[in-house]
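Two complexes follow with chain A in common, the first pairing it with chain B and the second with chain C.
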Partner chain A sequence: MSGLRSFVARRLLLGAAQTVAVVLLVFALTEALPGDAAVALAGDQPDPARIAAIRETMHLDKPAYERLADWATGLLHGDLGTSLVSGRPVGRYIADGFGPTLLLATLTLALLVPLGFGLGVLAARHEGRLADRLISSVTLAVYAVPEFALGVLLVTVLALQLAWLPPTAVGYGTDLLGHPAALVLPVLVLLARPVCSLSRLVRAGMIDALASPYVAQARRYGISGPRVRYTHALPNALAPAVQQLARTVDWLLCGVIVVEALYVIPGLGTVLLNAVAERDVPVVQGLAVVFGVLTVVINLGADLVAHRLAPRAGVAA
Partner chain B sequence: MDDSAEPLAEAPAEEPQSQTPVTEEPLVELRELRVEIDGRAIVDGVTLRVVPGKITALVGASGSGKTTTGLALLGEFPPGARVTGEVRRAADGLVGYVPQHPAAVLNPARRISALLTDIARAQVGHLPRAQRRAAARERVLRALAEAQLPDAEALLRRHPHQLSGGQQQRVVLAQALLLGARIIVADEPTTGQDALTKSRVVEQLAAVAARGIAVVLLSHDLDVVRALADEVIVMRAGRVVESGPAQRLWSAPRHPWTRELLAEQPQFTAQEGSAGQPVLQVRDLVARHRDPSARGSTEVLRTPRLDLHSGECLAVVGRSGSGKTTLARCLAGLHRDHDGEVLLDGVPLPRSLRGRSRAQLAAVQYVFQDARAAFDEHRPVLHQVARTAVRLRGTDPAAATREALATLSGLGLDEDLARRRPGRLSGGELQRAALARALLARPRVLVCDEITSGLDTVTRRGILDLLTTLLHDRDDDLSLVLITHDLDTAALAHHIAVLDAGELVEQGSAGQVLTAPRHPFTRSLLESTDRRRAGQASSAV
Partner chain C sequence: MYDERHPGLHRRGFLAATSLGALALTGCGTGDSDSDAKSDGAPKSGGRLRAAFAGGGASETLDPHLANLFADVARAKALYDKLADYGADLSAQPRLATKWESNKSLDRWQVTLREATFHDGRPVTAEDVLYSYRRIADPDKAFRAKASLEPIDLEASRATGQRSIEFVLKRPTAEFPNVLAAFGAYIVPAKATDFDKKPIGSGPFRFVSFAPGRSAVFRRYDDYWEGAPHLDELEFVVANEESARVNALLGGQVEYAHELNPTTARAHEGKGQIEIVRLRNSAMQAFCMKTDRPPFDDPRVRQAFFLIADRKELVDGALSGAGVVGNDLFGKGYEYYDDSLPQREQDLDKARALLKQAGAENLKVTLDTSAVAAGFTEAASIFRDQAAKAGVTIDVKMGSKDSYWADILNNGTLCCYRSGAMPIEAHISQRLLTDSTTNATKWQHKDFDALYEQAQSTRDESARAAVYNRMQRRLYTEGGFLIWGFADWILGTARTVRGVETKAPANTLDWARFDKVWLA
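So, the complex of A and B:
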């Protein structure tokens, strides 16, 4: 057990280092972009004197390393800094954007897990037969459609032509729960590909597990079919699926930019997109920290679950 | 052979004779069972009665149809098999199965308790809901105790990989006992085990039979069969060639194949004190394994001094985990993490394979225990064998192929076999091919790591005969290091080194070590081998 504890400690340390590296990289990249927040703010009349004035009030005239150091000291006190553009604290930006993102992620996940595992187990049970061939070919086909294409297609058919659902969440603000109809399309698009990859992984794992000698032994000794499937075979199919699930959660929380932009949902992806457009470096950096920490924590969690499910593989970091 | 009809005539004549003292109904009966795959019969005309409390042994070389017959008792057949004949099972004739590799039937993702609890839960359905859990647990613990597993409470919380091979085997046995099996089919329960573990398995199976459970033993380990079996059925190529009470079969085997199977083991060339030059010398070797949990390394082997003379065979014996294989790997440059030196003709060998020159690589060759894993399954055996000469001696491919063919046929593999892929060769044939591959390097030292432990008696004897001939023919050119846990195999060597828990506890000439052991560990190894022999003698009375 101490081996596991030291593994967690090492992984957290490594994760912190990775997050720092991400923040530095993001800072460097935003610096490398042409123009800065002052240029973006100056708008259509780029008067050099005005830009210089804005630069001075924003402290953008300071050298880059000083600005980074200022921001980093703030971070150590739990202060993510303030937005260059609006002057609001970055923490508020993230808190506001996190609500819709979390809502979308939770809904997607709540549907993804039963659907992905259910389809996977179903296909494996009927390996090579009609149900399996149907599930396998449909999941492969859906997986091949990029999310923006599927999103546009669904909007065109379900919202514009049939008018069953609102095409976007424009005008609902962050109160998306009050308008569930607006959530249907984005959740569908978010679900499409993860369901396919997850069910295919579960199917492959289940087929292996169902053909294994330990499942044969359980059947031989009179254990009932469902019990063999769900308590003896499925745990062996879970380990790879859990890793895939972690990547999906990571993606849902940190990077559904395309879907949020398409359906105009004011989540973290939209915040990030706007901040980059406005060269709002503190907001971008704040998001980088949040995304970095989330990624590290989620993957560590997945590794621990996978370790519990496949204890033989051991842990590596 | 045209004597295939003989057993059919013989079996009925013999069965009443062996059945007369027992009037019990058979628990399982096979009648004229024939199992065919793709038109090829794997089991042909097997008739078998399994009676409570008796141990029936099916013996025969690998591929003789033992396992298929054993699984037929469970009502299981290989996929796509065409089955004719009859399998009749008594209504309460539950059958348990202990396979050759017990780890395979233990679920790697679940704790040991998972399947045991499920089996027990099915038996406590009549109790009120509140009592079921406790009753099931009690049954599980009792079964583990019956399978001679101490400290069952702690064991139940472990995963299969946290158990030793012996514990895994006993857990699988406990599953069968918990099920209430009246018959237990044990497939090669002692293969690859050291002498001490073997005698424990023998005691265990004898205890199971003493409880009135019928045991069907599928084995090519004749020592174990002799110590345990009441009835012996000798199989060859899917047919029963001879069957009868163990005692009769041993004292008066009727079929030539049985006689061959029971024949004594060969001796290596006379144990004259061949005082050749030392070829390989080990000096102050201390090998370590990296231990991730301790964040460091643990010493697994200490060998202050060990010499291998030219033309000599040195056996390294010890229980599993004693460091035998690590020693062999140090010699061959496969284990780098060690202090001290390995000298070839007085010149230190680099520790790593990469540091060794082609000549040095060729000089020390290694033959692995698992021949199947040591071949690339996608290329014909012949190419892989010839490759050694090309790589290590710079022979041109055509000449290498000719040489490989000659060497392979010298080892009893004809060209047709040699041109096949490894998947279509048997374990024994592949082990010969592995030997040929090593020999094509023209080695000074051949390290054989348990190369006979997975093989049946006849094949094993064939391989050992080969080694004897090689040693003899190549005169002083070739020396052997034979890694083994089997004292009978070790007895063929000139010298024996005994390892226990990484320490070289004793070394000397084979005669001296086997007849006048100085170290208590060597004595205990010898005693457990003797005990098995004695067990068979007393059971025959």
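So, the complex of A and C:
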């Protein structure tokens, strides 16, 4: 167990270093973009005196390293800084955007796990037969449709033609849970590709495991079919799928910009998109920290779960 | 200057009446069901209207002086009033002010306020006006309207009564009412500083709730000075993607969608599902030539470019036909617009001859553009092909859309340009004087400045119009703006929505105005 503990400690340290690197990179890239928050705010009224005045009120006239140092000092005290554009705390931007993002991610995940694993196992059990061929070809076809196209298609058919579902979540931003019907389409779009990749991974893993010597050995001992499949073969098949699942969770939490824009869901992706357009550096950096930490934690969690499922495979540092 | 007891006698009253006639005609032209929709008479009270705008995300504020985007202005005008606002011809119409009168030399103006109350019942007073203007003009802040209020000497201006103010100006300003109508010059209660918690204004709607980047809910203000709005409630929702705004409208999630694409409008116009409203003359579309540097420092090259443009093709291609051609002058249909000048047409032979005279054969120019506004990149490539026919090679350069306007102000020689509606006087003072803050054509001529000053110190309206005509003729002949079109501003409304004014370029009083709207 101590080996595992030092592995976790090493991974956390590495993760912290990676997050710092991401934040520095994001800061440098945002600085490198043409124009700053003052220019973006001035818009089509680029009166140089006004831009200079805005720059001064935003303290953008200070050198870049000083602004970064100020922000980093605040971060050490748990303060993510304040938005250049609105003067509101960055923490509130993230808290407000995190609600819808988390809701979508949770719903998607709650459906993704049973669906993905279920379909994968089902296909593996009927390898080469009709069920397998049906699942494999449908998942491949759905996987090939970009999420934007799928989103537009679903809106057109299910919301506008058939009027079964509301086309967007516009105006429900403050109370998404109160309008569950508005969440169906975005969750469907978010679900589409991950279900395909996950079920195909599970299928492949299951087929490998079922063909392995230890499964054959178990069968020779007369262990029942379901027990072989679900307690011996499945855990080994899950290890690669868990890594894939972690990447999906990461994607769901760190801004699903296309789906948010299409269905008007004010999550973190929207916050990020606006902040970059406004050159609101503190908000962009705050998001970089949050995304960095989330990515590190989720991937670490996935490694631990994979290790637990298939200890012999060892942990990939 | 304006007496509200006899509105019909006023010249602008007449203009408004003719515009109503035009409105009725367009209503009839688009089929029976349409004219039914427009003509059903008496407004009905009640209901909630949801309006979708592109917005500013989580950074949005209800501070009316920080208004920047269309969504900001639409919310600001629901909660607040200005002293004046722009009519359909961009002339100043009295709002909180009932009357304005100047002294002989046009540098002192007496403004009388109407009897109006803020949402908390307090009367709107001269003190509130002076507080609001001083807040906007605060040298430590960078409010957008600050430049517009610059002619006012706010130190010397004072309240002469509860509802009367004497504005002392730094110089004669015949168009002072335009200052009162300036973008963002809203009146807030004296000492107001926090606008996001519970903002109080004197506008037709009062505050209920606000979630930045998501929604703002307002309720009818029963004691509004112009009469209570028909709607019970008004909700502004934010949807940045045009497709999302259209889908929400088609799906019955909103009743009003602002800023639609011409292709969307064509797809749904006259289909009966939603109503498409086109606000004409809303956005000037131009190419901007820097007149202080080669090759455009030679007026013959500028004239040649005027003749290269096939304006019809530009309107059809870049605006998908949603607009009208321009004549190299700003403000078609606005007060003081000189429509006596002949419409310029493409004349490639003459353009080639002019270029030859100027020694600019085989000219190569870089045209700056960006995806910052609808139709920019399309206009650039269409014009590149048109110029090629006259032997001019245009190299189209794409720029960043977030910093485009600042980038093109002093750099480059030729760029795509666009402007929202503003009075012709404001266009001149902001862009065409030696000390203008956003002079993108670098049009700097002392004699032109002098004409502007002359106009501003001319009391007589027709004499002033004559001076504006002189200035416009000069710009028509050799100015730096190649103004090829005026784009429609396109809205969509649900079929139940009535009372949306169609003769209202974006940014004018009747644009995004919800107190006169009702649900049938």
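Before moving on, here are some points about what is shown:
The rule is simple: the second predicted complex is superposed on the first by the 316 of 317 C-alpha atoms of A that agree within 3 Å, B and C clash if a C-alpha of one lies under 4 Å from a C-alpha of the other, contacts with A are read in each partner's own complex, and residues count from 1 in each chain.
Here is the rule we go by: a residue touches a chain if its C-beta (ideal position, glycine included) is under 8 Å from a C-beta of that chain, and two chains touch if they have at least 3 such contacts.
Please read all numbers here as calculations on a predicted model, not as lab measurements.
With chain A as the common reference, chain B sits beside chain C without any clash. Using the contact criterion defined above for the overlaid structures, shared-chain residue A:I51 touches chain C, although it does not reach chain B.
Between the C-alpha centres of chain B and chain C, as seen from that of chain A in the superposed arrangement, lies an angle of 160 degrees, given as a multiple of 10. Here chain B and chain C are compared by how many residues of chain A each touches, and C touches more.
By the document's definition of touching, of the two partners only chain B reaches A:P213; chain C does not. In the overlay built on the shared chain, the residue A:L309 is in contact with chain B alone; chain C does not reach it.
Of the two partner chains, chain C is the only one touched by A:G171; chain B is not.
Residue contacts after overlaying the shared chain place A:V85 against chain C, while chain B stays out of touching range.
Note on the superposed arrangement: chain B and chain C approach each other to a least C-alpha distance of 48 Å. With the contact threshold set out at the top, not one residue of chain A is in contact with chain B in one structure and with chain C in the other.
Interface residues of chain A facing chain B in the complex, by the touch rule stated above, are 2-3, 6, 212-218, 220-223, 227, 231-232, 235-236, 238-239, 309-312, 314.
Taken together, the chain B residues at the contact with chain A in this complex read 74, 76, 96-97, 99, 104-110, 114-115, 118-119, 122, 159, 161-162, 172, 175, 179, 292-293, 295. Residues 50, 52, 56-61, 68, 140-142, 144, 146-147, 211-215, 235, 237-241, 243-245, 247-248, 250-251, 253-254, 399-400, 402-403, 405-407, 409, 418-420, 437-438 of chain C are the ones touching chain A in the complex.
Listing the residues of chain A that touch chain C in their complex gives 33-35, 39-51, 53-54, 57, 83, 85-86, 88, 93, 96-97, 152, 155, 159-160, 163, 166-168, 170-171, 173-174, 261-264, 266, 270-271, 273-275, 277-280, 283.
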